[in-house]
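In this document, chain identifiers A, B and C correspond to the written order of the chains, with residue numbering beginning at 1 in each.
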Amino acid sequence: MTSDVIVERLRRLGLELPPQRAPRHPYLAARVDAGVLYLSGKTATLDGSVQFAGPLRTAEDIEHGRKAAVLCALQVLAGIEAAVGLQRVHSVLRLTGYVASAPDFVSQPDVVNAASELLIEVLGGAGQHTRTAIGVAALPGGSAVELEATIRLIPEADQ
Amino acid sequence: MTSDVIVERLRRLGLELPPQRAPRHPYLAARVDAGVLYLSGKTATLDGSVQFAGPLRTAEDIEHGRKAAVLCALQVLAGIEAAVGLQRVHSVLRLTGYVASAPDFVSQPDVVNAASELLIEVLGGAGQHTRTAIGVAALPGGSAVELEATIRLIPEADQ
Amino acid sequence: MTSDVIVERLRRLGLELPPQRAPRHPYLAARVDAGVLYLSGKTATLDGSVQFAGPLRTAEDIEHGRKAAVLCALQVLAGIEAAVGLQRVHSVLRLTGYVASAPDFVSQPDVVNAASELLIEVLGGAGQHTRTAIGVAALPGGSAVELEATIRLIPEADQ
């Protein structure tokens, strides 16, 4: 599957890859090691500005959290595209979804599902993943969600 | 060590592997990649229903948390058995223990120890692991504990 | 780069590797698998005693948190030295920085930056890393920060 096909699938969903910029902080956006792509944590930002803030408190906040999760997933996809190209995703080894949560909010899976569903919808079988969903006290810049993804790549020679 | 020996060790401890079911959510229970087994996060559930709820608040809650950690560890073992068979565990590369915690509760290691001890007791040296223990705001369904495990497998030809 | 050079760089910064001791708990301090070093979580402790407590609440706590992050980074470096020797660091695959945070504190990156900067200052390019910063409810022993590091090693034959 080429990167163009994936971007077209997003477009049909009314979505697009957000522009990437180098981290403002002293770390790498991505690293490839032994055929595995490690991506730095992605929050619900556009151009560095948080679009969906946490914490989530009640069931009525789930939809807000799902929008945050979709934006985080778009940031993951854009991070892959910038680092190696979306056509190189073989499989998602692990996705950790951190959800800024009040102590009574325990619907983290419903929130992170929005990210999981998008990855599978646009990447197909390559987007399937193991997952851990966690409710945390707070996230950088007040983001409602943060995603950490680790991805097995297709060897360049096999594309 | 065969899977039967491990199940028998559990039985002598009065424990058994909980039944596994496919995740209700859009992710994989497990994935094998390059000889490593990635398991999705495991909460303190039976048949999808949380048995030990958080958050933990005081030292008196440690024992409750340890029961949760044991059930999570049983879910990890059952997840391994369902994915590849317990006889294939070479070593546990990393265990992350998330403990739903009030801000004053800082005994996460005492809680996660119950999981660590069980893994070592039933898997022997193969159950030894590096570990990170974290206190979080809330966990899926209100679980008191969640475990994420990454496991090196014995190659199938070497069993 | 030899281990001595790295220790000397720390000395010029007025820092030194803290003494390591075996975990009091039933887990491994470190494990090497397939050329990757997995380190257990490191809190802001000396001889097992927390030096910088959380949670962080306001912007005025950032400096306190940065001191905690530096001590955690020193514990990571000391853990590498004890396990395999600092000269064997090829690259840091992933650094997860957990910051004990009140719900309103969202400057986790500013805190974890102190650890990122130290790793790069003393290890050079080998210290560069992908990163995830998270605000959590509480950490073991009340530590303000905990770091989890995963490191690619230089093969012993190539040193």
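Convention: contacts are C-beta pairs under 8 Å (C-beta built on N, C-alpha and C of every residue); 3 or more make two chains touch, one makes a residue touch a chain.
For clarity, every value in this text was computed on a predicted model and none was experimentally measured.
Enquirer: Based on which chains touch which, is the overall arrangement a line, ring, star, complete graph, or other?
Expert: Basically all the chains touch each other, so complete.
Enquirer: Through what angle, between 0 and 180°, must chain A be rotated so its C-alpha atoms fit those of chain B, rounded to a multiple of 5?
Expert: 120
Enquirer: Could you work out how far the Cα centre of chain B sits from that of chain C, in whole Å?
Expert: 25
Enquirer: Where in chain C do residues touch at least two different other chains?
Expert: Correct list: 55, 96, 100, 102-103, 136-137.
Enquirer: Under the stated contact criterion, what part of chain C meets chain A in this complex?
Expert: Contacts found on chain C: 35, 55, 91, 93-96, 100-109, 112-113, 116-117, 120, 128-137, 152.
Enquirer: Using the touch definition up top, name the residues of chain C that touch chain B in the complex.
Expert: 25-31, 33-34, 38-41, 55, 96, 98, 100, 102-103, 136-143, 146, 148, 150
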